[in-house]
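Encoded as structure tokens, here's the structure I'll be asking about.
Here the chain labels run A, B, C, D, E and F in written order, and each chain numbers its own residues starting at 1.
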Amino acid sequence: MSGWLHHLIIVPVLLPLTVGAGMLLLEEPRRRLKASLSLFSTLVLISVAIALLQLAQGNGAEIGVYLLGDWPAPFGIVLVLDRLSALMLLLSSVLALASLLFSLARWHRAGPHFHPLFQFLLVGINGAFLTGDLFNLFVFFEVMLAASYGLVLHGSGTARVKAGLHYIAVNLAASLLFLIGVALIYGVTGTLNMADLANRLPAVATEDRALLQAGAAILGIAFLVKAGMWPLCFWLPTTYAAASAPAAAMFSIMSKVGIYVILRLWLLLFGADAGSVAGFGGSWLFYGGLLTVGFGTIGALASQDMSRLAGYNVLVSSGTLLAVLGVTDMAITAGALFYLLSSTLAISAFFLLIELAERGRRAGADILAVTLEAFGETEEEPLHEEEEAGIAIPATMAILGLSFVFCALLLAGLPPLSGFIGKFILLAAVLDSSGTATVSLDAWLLLAAVILSGLAAVIAMTRAGIRTFWAPLGRSVPRVRLIEITPIGLLLLLCVLLTVQAGPVMYYLQGTAEALHAPQRYIEGVLSAPRAGQTAQGGGA
Amino acid sequence: MKRWLPFPRLAALILIAWLLLNQSLAPSHILLGALLALLSTQLLVRLQPPRGHASRFWTALVLLGRVLLDIIRSNIAVAGIILRRRPERNRTAGFVHIGLTSRHPYVLAALACIITATPGTIWVDYESASGVLIIHVLDLVDEEAWIQTITQRYESLLREIFE
Amino acid sequence: MMLGFFTAALTTAQVLLALAMACSSVRLFIGPRAQDRVVALDAFYVNAMLLLLTFGIRTGSNLYFEVALVIALLGFVGTVALAKFLMRGEVIE
Amino acid sequence: MSDSMLLILLVALPFVGSLIAALLPTNARNAEAWLAGLIALAGLLITASFFPAVAEGGVLRFRAEWLPTFGLDFSLRLDGFAWLFSALVTGIGVLVVLYARYYMSPQDPVPRFFSFLLAFMGSMLGIVLSGNLIQLVFFWELTSLFSFLLIGYWHHRADARDGARMALTITATGGLALLAGVLVLGHIVGSYELDQVLASADLIRAHPLYLPILVLILLGAFTKSAQFPFHFWLPHAMAAPTPVSAYLHSATMVKAGVFLLARLWPVLAGSDAWFWLVGGAGLSTLLIGSYVAIFQHDLKGLLAYSTISHLGLITLLLGLNSPLAAVAAIFHILNHATFKASLFMAAGIIDHESGTRDIRRLSGLYRLMPITATLAMVAAAAMAGVPLLNGFLSKEMFFTEALTATAPLQSLEAILPYAATLYGMFSVAYSLRFIHGAFFGPPPVGLPRTPHEPPHWMRFPVELLVLACLVVGILPAITVGPFLDAAALGVLGAAKPAYNLAVWHGFNLPLLMSVIALIGGVLLYLILQNYLLSGVEGTPFVRRLAGKRLFERSLVVLSWRIARPLETLLGTRRLQPQLRLVVVVALLAGLAAVGGWQLAAGPPQFSGLDPALTLVWAVGIACAIGAAYQAKYHRLAALILMGGAGLVTCITFIWFSAPDLALTQLLVEIVTTVLILLGLRWLPKRIPEDEPMVQPVTLARRIGDFAIAMFAGGGVALLAYAVMTRPLPDTISRYFTERAYSEGGGTNVVNVILVDFRGFDTLGEITVLGVVALTVYALLRRFRPAPESIAIPEQQRVQNAYDDARPDRRLGDTVAEYLLVPAVLMRLLFPMMLVMALYLFLRGHNLPGGGFVAGLTMAVTFIVQYMANGTRWVESRLRLHPVRWIGLGLVFALLTGIGAWLLAHPFLTSHTRYLELPWLGSIPLASALFFDLGVFSLVVGATALILIALAHQSLRSVLVARPVSPPSKED
Amino acid sequence: MSAAANLPAWVLFLTALLVLVSASLTLIGTIGLLRLKTFYERTHAPTLGTTLGIGLMLFASMIYFSALQSRPVLHELLIAVFMTVTTPITLVLLVRAALYRDRYAGSDKVPPTSPPKSTLLKKQAKIDSD
Amino acid sequence: MELIVALGIGVLVASGVWLILRPRTYQVIIGLSLLSYAVNLLIFGMGRLRVNAAPVLEAGAAVDASQYTDPLPQALVLTAIVISFATTALFLVVLLASRGLTGTDHVDGREPGT
């Protein structure tokens, strides 16, 4: 990786940032242009992500390191490209494309600055995936959160504002915990670079361990709030249900950012090589994850509307991932990543689908009902149902129904889609991890959790699906535009591809898991990354 | 000239302030300061501050002297009042109504600065229609004396400077 | 000798100013009306500025001067906003 | 074509056909039928072509890599047993398709029907051909899915929806259990491949996990095959169109469970647990099913219970742990499929032609549709086990097994023959009822339609199946012998017992039992005649055993009685508990992490106690507590007190060598005060209500919160103290301090870190600020304030009224006078403040200051003018375009960073040049300065946008408040 | 503090004295803020700090830093200017607001809304003639 | 002074936590602000407390890093201050919107018991 290609690593952050900033210089009504810019950015992001994925894969265990400002690690901020970050980048850009396409039908008109906010959200998510610096991670978390606040509130209305208030309050508290954690870690170790931190941890003096662990634990809580672990997760279903469909679809990866960070940091800092602090907090993750699955399952059973159901599915997914991450095992990590891919795609598709499916139920979208312009100028173009929802594509109900079935299968982990494969891989790995020919209690617990949550998903999804698609009362066929169906189809198609191509995908993921479980390469790669100033001439002050 | 330098005195003050800030008389700072003075006063034009000209440098100096003296005197007086065992004894505080002759904004502004800067008096209200100023005096012995002080000792000089 | 006096004087001055802050904060606390609290806040700012100036002298450093300068130039903004809020019910009309 | 290709084709063809079928037009009934029929026929032919390969116990295999790392291949495996099922699935498939062509009405959307039907066929073939257990589960769940979709085909009907849901829930649940069982089974065997699993019989049976595996797998099998107590979904699945009932719910899908039992018979059977579980479930199902069937009034309901009972028979046979019984089970699978499918079709014909399936309304149809009646009578006789029909043969085998079975319990061995005979009686009774009730008796009256014979091709499948019943029943060894042999070989392999498929075994005990059953059944029917004619719903003695009600009730209980309260109990939708939990969990996590480790380390390092700062902090602490105390009712006081605490923070920063922080804190403080005041305008006052008494609950909560707050404060203080009194570790900062000037070109290390060493953080940070400003702006565009605050503030009303009342005053005089002097001064300050902003900006790289502080100063500069002169006044003279400032700032910072690319350096690499000018000396031109300029611009824009957007609300309120003000307009 | 060691004694003395007086005056001002009875009276008190308090402190700072850096250090003047201009802004606005609030609350301790113009002019004429 | 500053941080945290657990939105915003003061001070304290060691170098002079306080926590605090300012602004506007739309300043958008 050299020359211009090297700069590709930072493109996932810079491109949306530039596009978002550029859009601010355009006049407000130039939506078409903004939409095109947004679309362009997202498409380029996908191709960049694919290129990065190939780079990450082609390099074997080598990692790509980008020294910002050409300052060497651990002093300057670094971006690190490895298989995991490349994978997450691809996932986020794919979801972005789907959400963006969906929003073009109507949502991007429901309030000002949708497109810049959307791009900034991508900046935050991609930055969080790439950064190799703890405080920079905080900054990108905040970028992501700030944009998500905007997107949660996009479209306004009582439900959104109420949910937004909770969402913001809880996340502000979590951000404060983040800062406390980072501060303590810095105060004890004197570094912010993750690789450097991993390097220094085993050497931390015994008398400093308490402080270090306290810092790590508090930091962990911040991530767990984001990831949605019980009992820190109650904001999640409400917020996701209140957000507009494209926003919610994007949010499904935001909880995965929390998971990603835990996976990354935990294996890096407290992995097998971490000496005395190895495996710190693992059982907490495991049991916390199980409890989250339990709560998500209960919530799914109890939810009456599909949006909340989807939100609880996010919790089930998070909980499953947290629980299996608590069992440090390479095969499990690989399986977890597969499950992560599948469940994220499925939940996103589901969020998009819900909007369309419910459109027919409550005729006349409610987006603007609450914002009746008794107050203030009517600057927004009002969304007229007739013209906005466009032509009703033929067989709408059949397509929506089919998509729903796909989502249900994915979420319940039933064949033939990737949800089943994901569960199988996870469970097989979990069973294998408990030794040949025996099954440990933890494995039984996990097995039960996965099976029962799948069962609950079947019950809940069937109930919701029957109520929505087989309802006896003459519901009007929702008017749905092709551009709204396409992204759902895209996401579901990817799930199908994941199923068919499970072998190659797992091959990649296994490589990813191996790299994660052998962090020494990551550490060495980051700390020995050469500066451009050493190779090129001129430059510096 | 007027167009380029709408507020010459203010611009000069800003240049001085710039040099004071940077504690430097380097040519680059003078140049930059001058540039900033020009630009910032240009922007000020947009805000349409009331027109006015300040002349009579010596009068201003006299006024400044008076005011400084008054400030020191009244600082001591007020400190004395506060430190009394019972600050309320032998003292009445009260409001004084004063009819001002000048309506000039700068006169009023400067007067406000003086009254405020002198401990023991505060500017309370000014009614533009009647030109009546209300001040509050901490140690009000003689209302007339206060009216005298304000109108004769300050206002008249201010009118000389600004009108 | 003189250095000792100088040091002691500055420490004393800082304590006096800190006491002044304490007095203002008492007024800040007890009010009774909003305007009393605002006056107290204003005094609080001025005391803080003086404290910073003594700190500058004590450390012989010029680095803290700008903070005092900014308090002098902008410290009034908060008070103005509060006063206007009391008078008009809104800060910007 | 190779066998492998054909195998793949066998499974794949139906799925391809399903896709094509879905895309055909809605009314293409014939095309659909042709497509489906041909595919089924092709499947049948392919299956037939495989027979020679499997007849002698051969096995065909195909494997393709799927998930090699998890030992999961796509694996097809065809042996005699799979062949038999494959033939059944395709063969009956052909007939059902033909039947369905006539059964479905032109109004029905047939593409969906045939598409699902074909997909089901493919899934079913997938089950029987799976060479790997995971793959089997995969197709297993697919059959549940398509069964669900087919049952709900007429989803406008409530019974269809309920039935579909129940079927799916039960069978998919079983499927999940099966998955778990198979996973554990594969885990202990070390492979999911069927071949390997079948080869590990001893290992499995001896394994401590045998019982859990068995239970999990049986859950799958029993739910699928409708075994007691999971049988109740099947009768409700009868809401499906009859072809579906005939195909899925009698001939094929429900056989998947017993297929699995037979498939795993060699490795799971042979234990007592197997006997009790499988045999027990089979026996109860057998009796209950046949008993309940007698009392059904719906033809299809009767057949459904009969199916349940026959599935119980098969299960029982498999549970007897005897190879011969297993052969009988396989044989009965085949026989049952033939007669039951034909009976279902016959029932469908009756329904189709007469418009009802209710035995109480039907009567004497023999006269109107004699051929159909004859066919049905033959099939029903087979069902009843009348000699010379196929049902008789397998029933005789069953009776034999019932007599010879070895049970773990003596008494059970004795009971079995009686139970078997009783079952025989019941089945004779319900068969009689089917025939007698529908075809005999007086001519029917009041039927929805006048019945007559159906179209010939609709009856043709029935004819074919009935013929099969007859032929097999008379000449079993010739007709079905080889197939049964191959199938038994597939299941039992070398353990296949010798058996005799003769019709006549001489006068023996089983025959006697048959005779008793026949006579007893007829008698029973006669006895019950009156009761049945009375038309009472439900089954005597077992009325309470209403599975459907139980199921629905338990779902309701599960969702609304258990999940709902649990959700409320374990979760919350309120903010306070959530925040409480976040704090408490963080506290506990910190506590647990500290654990037994010590916080203190060596002798603490102190800096001396300073009396002044201590006093200042006493004030700060008081302010913090005061703010906490006042925030509820005295918002302004709380705001002011908070400002006090902020100022103390600022002084602390100064004290401990952080002038930049102090500056920033100070300015943020000022802006925040203005901001919150702008907001307070829209927050109606809270009037302290005199609470007569604080509720005990509230009090307890407050005490709890107080404790939490104390612990949190104490904890953080402890941590802070512990770190601050430790020696500083070797931090990465040394690098920054040493290189700030030499490589970063600035003497203010903090600023160099911000714009250079960690400029990327700053880029992110300003992005946050910009994004928040946009969000605030967006939110305020749609802002609807509290109704109480819409009107102009009270102060202004009073003052306006005063101005109005006085003849010498004009409206607005009060405010004009109020601002007269301050506005003049503030305007004059404007240029000075601008200059100050630039000063702070320019010195930032070397001295405290910088883009952020300068930007805030600049924003405050503008806001001061807004305060002095009002929004309209300022904006008519000086219009800021904050969003552009934001955009420009970001773009500027970005371009500066990207500029480094031109010099082949990474993003944000700084470059410093000194411009030597005559007279003026050297002017530093650092790229970092340009970056900071971007920061400056963004901060100006964002801060101004937030403040101005809030300020603009007042204008809007004036706009609206005037015309809307009379409240009477509302009605 | 080590930097101060090299300075002439009178600089140190003068600085110390000025600082002490300034701090004392400021403290007295805030004590007044506490002790005085009405709002209007209290408002006078802190101006001790904002006028002479600041003036003396700035003077001290100028002397001290000029001696320390061996050059005239005058930027403290800016603070004086800024304070002179900004203090009236706050006090004028605040006291007028307080007046409004007191009038609105019906207090008889404050002057009522301005008396009729004629009486005022009469009074004024009397003063002018003196 | 470490004790005093730690105590101050503790009180700020306690007051902030108390306030964010209260039911009124305004209490929460004040609490969040107090908490951010505390957290800023905490981060700042991680560089240890040193008087008169501001990390401002003398141009051209040789640098002895031990003469200066740790600059990194200061830079972090600056970033944190900005971000908390931004979020405070946002929270304020959201609470105003919530008050307008729901008619109450309760954090849950409805008065308890209704």
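What we mean here is this: contacts are C-beta pairs under 8 Å (C-beta built on N, C-alpha and C of every residue); 3 or more make two chains touch, one makes a residue touch a chain.
Values in this document were obtained by computation on a predicted structure and should not be read as measured data.
**Q** Determine the set of chains touching chain C that also touch chain F.
**A** Chains that touch both chain C and chain F, as defined above, are D.
**Q** To get from chain B to chain F along touching chains, fewest steps?
**A** Steps on the shortest route: 2.
**Q** Report which of D-E and C-E is connected by more C-beta pairs in contact.
**A** Higher C-beta contact count between the two pairs: C-E.
**Q** Sort the other chains by how far their Cα centres are from that of chain A and give me the top one.
**A** Farthest from chain A by mean C-alpha position: B.
**Q** In terms of CA centroid distance, which chain is the most far removed from chain E?
**A** Relative to chain E, the chain with the farthest C-alpha centre is D.
**Q** So how far apart, in whole Å, are chain B and chain C when each is placed at the average of its C-alpha atoms?
**A** So the centre of chain B lies 22 Å away from the centre of chain C.
**Q** For chain A versus chain B, what separation do you get between their C-alpha means, in angstrom?
**A** Chain A and chain B have C-alpha centres separated by 61 Å.
**Q** Would you mind pulling out the distance in Å between where the CA atoms of chain B average out and where those of chain E do?
**A** 13
**Q** By the touch rule stated above, which residues of chain D touch at least two different other chains?
**A** As it turns out, chain D has residues touching two or more other chains at 573, 575, 579, 583, 610, 613, 655, 659, 716, 719, 723-724, 728, 731-733, 736, 742, 758, 761, 765, 768, 772, 775, 779, 782-785, 795, 799, 808, 818, 821-822, 825, 828-829, 832, 836, 847-848.
**Q** Do you know which chain F residues sit against two or more other chains?
**A** Residues 20, 28, 42, 45-46, 51-52, 54, 56, 72, 79, 83, 86-87, 90, 94-95, 97, 101, 107-108.
**Q** Of all residues in chain E, which are in touch with two or more distinct other chains?
**A** 29, 31, 43, 50, 75, 78, 82, 85-89, 92-93, 95-96, 100, 117, in rising order.
**Q** Where do chains touch, given as pairs?
**A** Every touching chain pair, ordered by label, is A-D, A-F, B-D, B-E, C-D, C-E, C-F, D-E, D-F.
**Q** Would you tell me which residues of chain D are touching chain F in their complex?
**A** Of all residues in chain D, those touching chain F are 573-576, 579-580, 583, 604-610, 613-614, 617, 620-621, 624-625, 627-628, 631-632, 635, 638-639, 642, 645-646, 648-649, 652-653, 655-661, 664-665, 668, 671-672, 675-676, 679, 682-684, 686, 705-706, 708-710, 712-714, 716-721, 723-725, 728, 731-734, 736-738, 740-742, 747-750, 753-754, 758, 761-762, 765-766, 768-769, 772-773, 775-776, 779-780, 782-787, 846-848, 852, 939, 942, 946, 950.
**Q** In the complex, go through chain A and note every residue touching chain F.
**A** 135, 139, 142, 146, 149, 153, 156-158, 161-162, 164-166, 168-169, 172-173, 175-176, 179-180, 182-184, 186-187, 192, 370
**Q** For the complex, which residues does chain C have touching chain D?
**A** 11, 14-15, 17-19, 21-22, 25, 28-29, 31, 34, 37-38, 40-41, 44-45, 48, 51-52, 55, 63-64, 66-67, 69-71, 73-75, 77-78, 80-82, 84-93
**Q** So in the complex, which bits of chain F are touching chain C?
**A** My answer: residues 51-52, 54, 56.
**Q** Could you please specify the touching residues of chain F with respect to chain D in the complex?
**A** Listed in rising order, the residues are 1-24, 26-31, 33-34, 37-38, 40-42, 44-60, 63, 65, 68-72, 74-75, 77-79, 81-83, 85-90, 92-97, 99-101, 103, 105, 107-108.
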